[in-house]
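Naming follows writing order (A, B, C and D), and every chain is counted from residue 1.
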Amino acid sequence: MISVAVLGCGYWGPSLLRNFAGSPCFRLVACADSNADRFERLAWRYPGVCFTTDYEQVLHDDAIDAVAISTPAATHYPLAREALLCGKHVLVEKPLATSVAHAQELVQMARCNGRTLMVDHTFVYTGAVRKIREIVEHEELGEVYYFDSVRVNLGLFRHDVNVLWDLAPHDLSIMDFVLQRQPVAVSATGGAHIVRPMMDVAYLTVYFDDGLLAHFHCNWLAPVKVRSIIIGGSKRLVLFDDCEPSEKVKIYDRGIDGVTSNDLYKKLVQYRLGDMYAPTLDTREALSVACEHFAACIITGQEPITGGAAGLAVVRLLEAAERSILQDSRKVTL
Amino acid sequence: MISVAVLGCGYWGPSLLRNFAGSPCFRLVACADSNADRFERLAWRYPGVCFTTDYEQVLHDDAIDAVAISTPAATHYPLAREALLCGKHVLVEKPLATSVAHAQELVQMARCNGRTLMVDHTFVYTGAVRKIREIVEHEELGEVYYFDSVRVNLGLFRHDVNVLWDLAPHDLSIMDFVLQRQPVAVSATGGAHIVRPMMDVAYLTVYFDDGLLAHFHCNWLAPVKVRSIIIGGSKRLVLFDDCEPSEKVKIYDRGIDGVTSNDLYKKLVQYRLGDMYAPTLDTREALSVACEHFAACIITGQEPITGGAAGLAVVRLLEAAERSILQDSRKVTL
Amino acid sequence: MISVAVLGCGYWGPSLLRNFAGSPCFRLVACADSNADRFERLAWRYPGVCFTTDYEQVLHDDAIDAVAISTPAATHYPLAREALLCGKHVLVEKPLATSVAHAQELVQMARCNGRTLMVDHTFVYTGAVRKIREIVEHEELGEVYYFDSVRVNLGLFRHDVNVLWDLAPHDLSIMDFVLQRQPVAVSATGGAHIVRPMMDVAYLTVYFDDGLLAHFHCNWLAPVKVRSIIIGGSKRLVLFDDCEPSEKVKIYDRGIDGVTSNDLYKKLVQYRLGDMYAPTLDTREALSVACEHFAACIITGQEPITGGAAGLAVVRLLEAAERSILQDSRKVTL
Amino acid sequence: MISVAVLGCGYWGPSLLRNFAGSPCFRLVACADSNADRFERLAWRYPGVCFTTDYEQVLHDDAIDAVAISTPAATHYPLAREALLCGKHVLVEKPLATSVAHAQELVQMARCNGRTLMVDHTFVYTGAVRKIREIVEHEELGEVYYFDSVRVNLGLFRHDVNVLWDLAPHDLSIMDFVLQRQPVAVSATGGAHIVRPMMDVAYLTVYFDDGLLAHFHCNWLAPVKVRSIIIGGSKRLVLFDDCEPSEKVKIYDRGIDGVTSNDLYKKLVQYRLGDMYAPTLDTREALSVACEHFAACIITGQEPITGGAAGLAVVRLLEAAERSILQDSRKVTL
């Protein structure tokens, strides 16, 4: 059993506690948070766990093998860095860090120290996203033309990061995992309306070198919750609607047939309406799958699916997006 | 009664014929199209109407007061220009022209000749859009923060214009009519996948000077039909879902309350979940309302709601968007 | 070409006119209605057709081969009877007649006279229902357990028949066509609220001898339009949602596995969640398919899919349902 | 603080434990279940609580003021009876008992002993149902014409009760609470397909003396989850869709205007399409509201909203429905 501690038990920490407590691979031993008020309800629920406001004590406790960091984004880097220095395996909430330089340093440190560094890109561990990856990998979509994501809500405002750093990591990590392709440029735009200059509405475009286009709409100020991704290909299209209670993934056997550019001025392009198919999905809780994977990587030494490199890839896109916004939305080459 | 002729009876022309034939204000007298094959079914349906392949004859017929132009986009300018020169009142399908210079010339000519020039921005005449205009005008939304539009489908491919010129005029004209505000800049991006270099997926951003942001997603390659507009304001939000059979317009009494930037680091922003309300809408066919308005403007000399100026405003945005795309998606000032 | 006349051009008649006029198999020659006001718009649209208020003249015109009857329900029997006597082939709007005795007489007459008698059970000719029939026929559902239909709306009130006779024929004809099974009993209940004693809400249950149960909810007073049928089987289930713009038919590969009654007190029944699949459907207009089928049956002498026998089966169920309502909703054996 | 014990911790018991543990009004002291395997996870979560397989010990423990019973339906009566005899206040999961005689005896005993007897008709405590009650109470619907409920799923099979006793109590209790009217008769039908003779599909009709009709569809074998109630009135209609993530209650301002029976043969009934309105709802967990209400009733002695009488009313309807099914679905007078 891997002894694990959770750092930060605000919004996401309690879910980590619950999953580690319920996992056969981990022994949950400690939880640190600077705000002791948060311990009350939790301490009662996890009687054997040491709750403390002293992060240092946890990080330097040799009996602890791994830590999961779910503190504000700005503290991910310093805490993960110290944890790695102390020889811990580290699971960090997204984003891995708030700059490419920091993310790179963490990746480097984990590699040198032979420790597992994993980013909690939770969606990658859902049955839906794993199924979509499988579909794309088997080239069922044909050539992939575009990836369009909408993640909007009238919801929780974060005060540590803007809407782009809050919501886009989910969809960027899905894109990275599903497409397995290197983007070449990024542009972004957004608006700050409620608590200036904190951006609360943002649009992000990611460019690939063969015409593939990815686009992301992130919005804290929408009247309804939307969580949808469309991936359009030459043979089929996928719609992932995470707000559907079931049938979250639909595959449309629709496409565009037999067109050459000569036809262009002669006739309308022919398109084909085909069957739709919604595969059964693994319904295990994604975070539980992620925790198991973290354990497996610690034990075997393999690189996690959402390891430091995957975390860095997402931070790289976010940093480029920020730069684009500062430079009047121009396209920033990666 | 105003005697009217329809030029072009391909996709949209038959709807114009049907509405003019059924209108108490118009007498439908002629229909011209370069393709006589299209006349067969129509001639039988409209026995008193003269069907001809000779546009010139129609334009120079003094017995005709007005023409409606529904030919390919590139011919809108020359046909509208000649019609105005011949002293006709002109209704043009969107877009008014394919360049700002041409659109300006048409506006100028109509003004000098004292003729009515109207663009068929049909959506502006729907009950839904008129209701939304009313809501915005009465400041029920508070400060308007953003306008987000999605118009996607696996549908008809046009061979005369790309997806931006095909689909965006609908939403740009709605935006123009509803917000009544002057944009300051535009950026756009897109991809051509099926019949290169014809763009089939596009994203367009329109900037205003006070933080208001408008964004448009136009796509010919989507698996499902989506026609939605969200307008977010400080007091309320509007969702216009044109694919809903009823309740197309929903007003959400949700908002963000009592936040100052001092609160930023102290607490989460408070948001308010309130009632939702879907007003009854006028269900008359929009094109029929538009035709009546065209007649009223001809008779009274008033400027149409979607007159030359409105048509020019849309073309200005589209032309700037094209320039942005050619210049690597940089922001183009208007 | 078969020369055809339409009797009655109120609600459904204009659709018949349009389809016969557009059909390569028919020559539309006449249209009769007691209300001449209805001719105005139609006569202009169908210039070669004789419009008359004299039904007799049409029925006795030897140049007419077939008639389509879309008059109020109570007149179906006398008009169809006379048409058959005059040697016409007859297409009758549903219901075939308002009593079993009358329906039987029509079936008998058509058989003796060697004329085609077809009931316009339009839904049977939709791509959706034909696909469902195919699925059931190939035993893809396993044993069929139940058939549940909901057809509700805030809509047109009929003054010639109550909600049961107005709406249930659609679903009863679908059931008859899809299941191909003989029901053994019927019970029904309902309420009259708006124009007493005209029933505006009704529930109908149809019993089969092996536990199969069919149930129908018909309602003129609902806030939203619902048109759904669920067919539950031991291996798969079908959902037909006619209000969906696409994916009207969904097949759920869900079922109940390996259960014996011994398990009953030991464990919960296991059910299986499987894939869902929405086949592409033929999107031709159902009435056009029906008209072609009418022509084919006239020419070849074959019995129509929705011939007199099918029409009689529906009337038999409706008559039994009426009797059940009069007898305090008791089960009426067929 | 009221000291409370939970009897039965299978499906629903854990929710009771969680709510009593989190309530400021209760001190959770014990939990009994005949199956000790269920204690493992729970005992760890509720360290101060005594877990035992000995129901008697709990019922006879004078330190316990109240018990909540969530055991199989057949044991509700004997356990509730003994608990009342031991002077406990009692909260029973639905149904209160499996016969009217037993339910009456419990009501009687609670009254004589001055103890609170409450049935856990949880839905009555949702924000949605309380809002609907308010709307009906204020006569916003006008005259109520019908109540139509659908509760279907491919879900958990119960082995202690059939689908009618499992699902209908929810909707019957909502009907009872919302309409506050006495039904006069009941009829029901159903089918047993999976584990004969356990009914897995059922339809239930409840009659009132003024034409009001209530109908319930309960189904364990449906491909999709539906939880909807429509209440139709002369002025407005309510749609309660419990599967909607938000806007669960919609009020349609649609109705039928100015109709007299003379109009019947002259013209179609006029109906009015009006606004739709979705009020904000209290989103507190219903069971938590129910537990607070149970505490308040114990303290003040007031009759619970879902007291013994309400539980008896539901059992009366279910017993009559069973009788109807045994008697070939005939209408059973209450």
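Here is the rule we use: contacts are C-beta pairs under 8 Å (C-beta built on N, C-alpha and C of every residue); 3 or more make two chains touch, one makes a residue touch a chain.
These numbers come from a predicted model, not from an experiment.
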Duplicate of the B-C contact set - from A-D, A-B or A-C, the pair where over half of the pairs recur: A-D
With contacts defined as at the top, give the pair, B-D or C-D, that has more of them. C-D
I'd like to verify one number: the distance from the centre of subunit C to the centre of subunit D, where each centre is the average of its C-alpha atoms, in whole angstrom. 38
Averaging C-alpha coordinates per chain, one finds the centres of subunit B and subunit D separated by a number of Å equal to 52
Multi-partner residues of subunit B (at least 2 other chains): 224, 246, 273, 276
Counting only contacts in the complex, subunit A reaches subunit D at residues 44-45, 47, 224-225, 243, 245-246
Going by the contact rule set out above, which residues of subunit B touch subunit D in the complex? 246-247, 273-280
Which residues, counting only subunit D, touch subunit C once they are in their complex? 143, 145-146, 148, 150, 152, 154-157, 159, 187, 189-196, 198, 201, 203, 205, 207, 211-213, 215, 217, 219, 221-224, 230, 232, 234, 237-239, 250, 252, 254, 256, 259, 261, 263-265, 267-269, 271, 273, 328-331
